[in-house]
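Remarks on the structure that follows.
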Amino acid sequence: MSKILFINPVGHTDFDAPIERYLNHHKMEKTTVEVKSLSRGPHHLEYHYYEALIGPEMLQMIKAYEEKGYDAAVIGCFYDPFLHEAREIVEKMVVTAPAEAALHIAATLGNKFSIIVGRKKHIPVMEENVIKYGFKDKLASFKDLEMGVLDFQQEVKETEKRIMAKARAALDEDLAEVILLGCTIQFGFFAELQQKLGVPVIDAVLAPFKYAEFLVELKNKFNWQHSKIYGYEKPPADEMEKWGLAKGEQGLFIR
Amino acid sequence: MSKILFINPVGHTDFDAPIERYLNHHKMEKTTVEVKSLSRGPHHLEYHYYEALIGPEMLQMIKAYEEKGYDAAVIGCFYDPFLHEAREIVEKMVVTAPAEAALHIAATLGNKFSIIVGRKKHIPVMEENVIKYGFKDKLASFKDLEMGVLDFQQEVKETEKRIMAKARAALDEDLAEVILLGCTIQFGFFAELQQKLGVPVIDAVLAPFKYAEFLVELKNKFNWQHSKIYGYEKPPADEMEKWGLAKGEQGLFIR
Amino acid sequence: MSKILFINPVGHTDFDAPIERYLNHHKMEKTTVEVKSLSRGPHHLEYHYYEALIGPEMLQMIKAYEEKGYDAAVIGCFYDPFLHEAREIVEKMVVTAPAEAALHIAATLGNKFSIIVGRKKHIPVMEENVIKYGFKDKLASFKDLEMGVLDFQQEVKETEKRIMAKARAALDEDLAEVILLGCTIQFGFFAELQQKLGVPVIDAVLAPFKYAEFLVELKNKFNWQHSKIYGYEKPPADEMEKWGLAKGEQGLFIR
Amino acid sequence: MSKILFINPVGHTDFDAPIERYLNHHKMEKTTVEVKSLSRGPHHLEYHYYEALIGPEMLQMIKAYEEKGYDAAVIGCFYDPFLHEAREIVEKMVVTAPAEAALHIAATLGNKFSIIVGRKKHIPVMEENVIKYGFKDKLASFKDLEMGVLDFQQEVKETEKRIMAKARAALDEDLAEVILLGCTIQFGFFAELQQKLGVPVIDAVLAPFKYAEFLVELKNKFNWQHSKIYGYEKPPADEMEKWGLAKGEQGLFIR
Amino acid sequence: MSKILFINPVGHTDFDAPIERYLNHHKMEKTTVEVKSLSRGPHHLEYHYYEALIGPEMLQMIKAYEEKGYDAAVIGCFYDPFLHEAREIVEKMVVTAPAEAALHIAATLGNKFSIIVGRKKHIPVMEENVIKYGFKDKLASFKDLEMGVLDFQQEVKETEKRIMAKARAALDEDLAEVILLGCTIQFGFFAELQQKLGVPVIDAVLAPFKYAEFLVELKNKFNWQHSKIYGYEKPPADEMEKWGLAKGEQGLFIR
Amino acid sequence: MSKILFINPVGHTDFDAPIERYLNHHKMEKTTVEVKSLSRGPHHLEYHYYEALIGPEMLQMIKAYEEKGYDAAVIGCFYDPFLHEAREIVEKMVVTAPAEAALHIAATLGNKFSIIVGRKKHIPVMEENVIKYGFKDKLASFKDLEMGVLDFQQEVKETEKRIMAKARAALDEDLAEVILLGCTIQFGFFAELQQKLGVPVIDAVLAPFKYAEFLVELKNKFNWQHSKIYGYEKPPADEMEKWGLAKGEQGLFIR
């Protein structure tokens, strides 16, 4: 039994139901999944300030779900916000996120990959992450669609058309062998694109979800989970208690 | 006239007065400085979860001070938390932080440097920053004191003794030419250490403060300030308004 | 249903049965696994010449198992020999190997890791692979046990003692957060080591086996499999036919 | 009081007066500046052989000005010629140069930058410097104007037009967020370009001059100056005396 | 006296005579050269599976020629297949290959270079080698001719035309200063191309052949030969004997 | 016929005769060699200021010898001073230097190497060169002897003893496979060290001399010489004439 929390780290529930259906359709038998967004906050995370705002509530949510017995959390944004922090505060839960998962998969499936993003805005921080995760030499290119995140599912035909054009250019000109959809809200497009393009197209919702299932399997079978020394060493409970930092008990940060 | 905000991004005021005195002692004539901590939160930022908690209030504070007419903000923690985010939300203010400033200065003063930190815990994220900022080939080593951040000013003699021993090892064995004190709460130690060691010892409070004065000078004279396209492009005001993300108006994130 | 071939790419069967039991014990329910060694060849692969010798038969075996309907192959040597070549000749099968899988897992579980190898001899090529896969900045150190590969399971107590000593040094001195056992023939040691060390210890047999199960899941659900353009483009069947390179038909390379 | 020497390291005085006016216009109150060229030598430094020729006289000049009580020297060429050597022979003076200063500033103001140079000839050595200083991952591109250095101020309109076109391409196609003018003789253009482009445009005369003011402030307040161990360790006076290498006393190198 | 073996590691003799003539024409006086292909195998090595097939026979051939008193072997394919392995099994012979040799020469003759290959297929593994050998920052670009290896000498005019066009683009757009012909079967084209282009064009047959002559000179004069510790440590003779891995005695791998 | 100039770029002739004998002993038959020092200047080049002083005369000497019909010049200092500049001003001559040549050879003979230098002072610039040439991942370590350059040949026994100790440590602890003697004045030691250590020990005089012979062979046979576009493009003759920069005609720089 693997209980997985998939977080839409935004302040609206529009995508919760469709993503939950999507995941339930693609999950392993023994998995149960809950998709959850935040009680309030920005409606997308294109800006890094927006990311900062969702940190406290999202991290508290992850802790709360660990206490409820969940095995894994997926932070559903391709910037992978607060991934390091989340791994620090959990004890046995595993945490992953779209960029990490999709990059690991892409690096296994091909020699170079391109990442399709909404706007040029998204590229600097994503490129920092690609470098940080170690995949700089495997990055063929970023390609931007000149679309905002919230448009992807509004104008499905246009989105598809633009992704197709940019992906083809990435394959032909930049020598990408794999395409990554660099935003969770590009979910649902991969299958048809993949068939037309003839190369793997990695979906940013499914990749971290499946990677979470994989990590839970490793944890349950072998106790392989995030190392808790140095980088992911957990804050001391008494300190958190004293300063009111745990569980939002004083309504301090996540009221 | 340069108005600079130095943030102690923690939930207590213990270091506000001493650091304000320290900065007032070392500022340029035309500078005025205010040191400010947060209304609540962790007492130190050794854990990355603690960092996440201070984001919303600190970023709102930076925006508020920009509106008050401040020229610069210094984020007073050697992890440089939310530096990118802060640069995104400001319009004309400049923002800097200890690691960025100290690394730029150290790279100008010597060929290699070592960074003295409290505990091994601090190293992974700091090393990521050193690499991200471009100074990997100039990093001689990290040295840890096996002390928590809040002990530095409690046991001054012991702190000094340990820094001295680790710094000497860094010079002799790792070929460091410059020493960086990798925590703002190591403030005040540099002068004596420097005299004894015979090499520059960079203080993590003064370095970003002076770098802020420098950036303000560039801004005022040449309009050189953070580029507002792509990575630091600002969120649209109407979007922030609609979703209640600006100025803590709904007491949402920074009550 | 996932059918996985685990190859012991050596010319003896000594480890086939124990590894098959080991994998059967740890597999997912729907997985079936076959462990197979070569018809002849070196008894270990410490030398790179030995690696070269096993290429033709091993690659032919992989092709043959793809035709039998297998979903995945694991090349059971931490040098990851012929991984690129194997991915080139298969059509839909996924192929992985210990270093790739263990490095991806380790990079997800901690910030830095150390790799425990038998002899210094093993390090240069393994280090090339660590760099090639992108994990150079996450490598804390290699540690050698001064033991040959065939000794690991002969002198279990001594092996365990040496790994423990080297792993502790890696954690304390090199800031590793995760330990990798850098040889498949170190199988079976991880659980006790992990308990004593308090950090994840990655087993070089289980890591690629579980990674193969994961990749099969991706393939079966999403058709994500090795991209077949450029680097893994398959040789043309007619060319192989003409030159007698397929299926060992002339007994040429794999007699 | 900060006394700064700005060197035009060429054998003519054409740009001394305009650059001195330029700097006096932009200096801090307490700064005095002298702009000085060499007694003889090439009229520009586009070729690296020309750079080599100016070394002895320029380095002697720097030493002489340190003895006169100057606080800082700026080596006025974007190749940063003899920067390391200059830091070695001074005792307390600080020395900087355009590429170093402009790159540090640009890396603080944006995520990526492009450098506008006169000719393709200039790129290889400048690119080596960008890498050496650590800013490779922040370099969006070099753009060449197909103009020689001495043409910039001759054909002001044409120069401006070409910079504008190349800078726009850098922003739109290469994702630069900041533009660097990669030659001191491009001085004076930045303000208008910046206004039109809407991003910071860094001037190669002002950047190192202001960086020198900043370094002098650090030196005067904190004794932070170039470390004198290892890389910048000074040659022994007696050795220089014996071999006639100091102060041009035998008219040897700088007659 | 230098005895050099040049291996065409393919299963046909079509290029043996022309390459032997070519080398004899360009050799130093004291050199003797033998060009040899394999007894069977693929007719070109564009696919990595094909490379794997030629390993055992080629390595046995190298050992056999060492025993015959040869001083050096050249592995005649720009993928440099089994170069590491070959250096491991020899005792005093030196071994080199086209990419290694051509890259070393190109890095000495210019600041950046481009590599002209037949098809995009060839690039991923070659790029890995460029990085592994250390020349990533000197690589201007790969350019593909959209031709298979066996076409180069069939359609000489077309080959020449395409190389010329791609090389000019590499010089003009990518700032290459040197051109490398990235396939041995492009032999014979360099001289005319070089004359037309005005920059060095490195031939993939002559480069490693001359590098081999150079290495033999170093070996004969100074005993500088491949280090036999760690990476190139030789397999023990008794082990090879016991397992039948030496000299193809059982007809095992090279029948 | 290969005419090679070996420059001792110092202001005394003490090592000219012994090095000329050394080279004559080890040269190829058709080679003639002249060893030449400067008319005046420092007696060693440990300090970078000293390097700067020798530039003009040394570069003029290289030009003069090209006009005399020499084929190659070797710049005899392991800092490789003015190598780029020399390649720029020559037309057909080839130029090399110890670090470049020794690093290329070492990278061919082993996987990792260590460089033995006199003092820690020498390391920062040499390390920059190792990185610039591309060999950072192959550098095992620098080891310093705590000896000045001029002591090496004074105290032969002590020098030998120290090199031996440091080299052994490099092999055992740092996994070096090849040893580089990082100063030309360590000439003559390699043969005995090599025999005792059992790994190649590269001499900093012989390495660039032999590399020069090799480059001359390439030049004479194939017209492969330094590319004269971009980085090594030559200054225009008329400009040099007009400004008095050629041939020391006005006694300007090399009186």
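Residue numbering begins at 1 within each chain, and the chains themselves are lettered A, B, C, D, E and F in the order written.
Note that a contact is a pair of C-beta atoms (placed from the backbone, for glycine too) under 8 Å apart; a residue touches a chain by one contact, two chains touch by 3 or more.
What you see is a predicted model, and the numbers here were worked out from it, not measured in a lab.
S.K.: Walk from chain A over to chain F along touching chains and report the minimum step count.
M.R.: The fewest touching-chain steps linking chain A to chain F number 2.
S.K.: Looking at A-B and B-F, which one has the bigger number of contacting C-beta pairs?
M.R.: Counting C-beta pairs in contact for A-B and B-F gives the edge to A-B.
S.K.: If contact pairs are compared by residue number, which of D-F, A-D or E-F agrees with A-C in over half of them?
M.R.: E-F
S.K.: Answer with same or different: of all residue numbers used at the interface between chain C and chain E, are over half used by both copies?
M.R.: Interface between chain C and chain E is built from largely the same residues.
S.K.: With centres defined as the mean C-alpha position, give me the chain D-chain E separation in Å.
M.R.: Each chain's C-alpha centroid was found; their separation is 44 Å.
S.K.: As a quick test, compute the distance in whole Å between the mean CA positions of chain B and chain D.
M.R.: Their C-alpha centroids are separated by 28 Å.
S.K.: Centroid of chain C to centroid of chain D, CA atoms only: how many Å?
M.R.: Chain centroid spacing, chain C to chain D, equals 53 Å.
S.K.: Got the chain A residues that touch at least 2 other chains?
M.R.: Residue numbers touching two or more other chains: 111-112, 120, 123-124, 131, 136-137, 175, 177, 230-231.
S.K.: I'd like to see which chains touch which, written out pair by pair.
M.R.: A-B, A-C, A-D, A-E, B-C, B-D, B-F, C-E, C-F, D-E, D-F, E-F
S.K.: Please name which positions on chain A make contact with chain C in the complex.
M.R.: 26, 28, 96, 100, 104-105, 107-112, 133-138, 171, 175, 177-178, 190-191, 194, 198-200, 202-203, 206, 210-211, 213-215, 217-218, 221-232
S.K.: Inside the complex, what are the residues of chain A that reach chain D?
M.R.: For chain A paired with chain D, touching residues are 120, 123-124, 131, 136.
S.K.: Okay, in this complex, where on chain D does chain F touch?
M.R.: 11, 40-43, 46-53, 55-56, 59, 82, 84-85, 88-89, 120-121, 123-125, 128, 131-132, 230-231, 233-235, 239, 243-245, 251-253, 255
S.K.: So in the complex, which bits of chain F are touching chain C?
M.R.: Chain F residues touching chain C: 111-112, 137, 175, 177.
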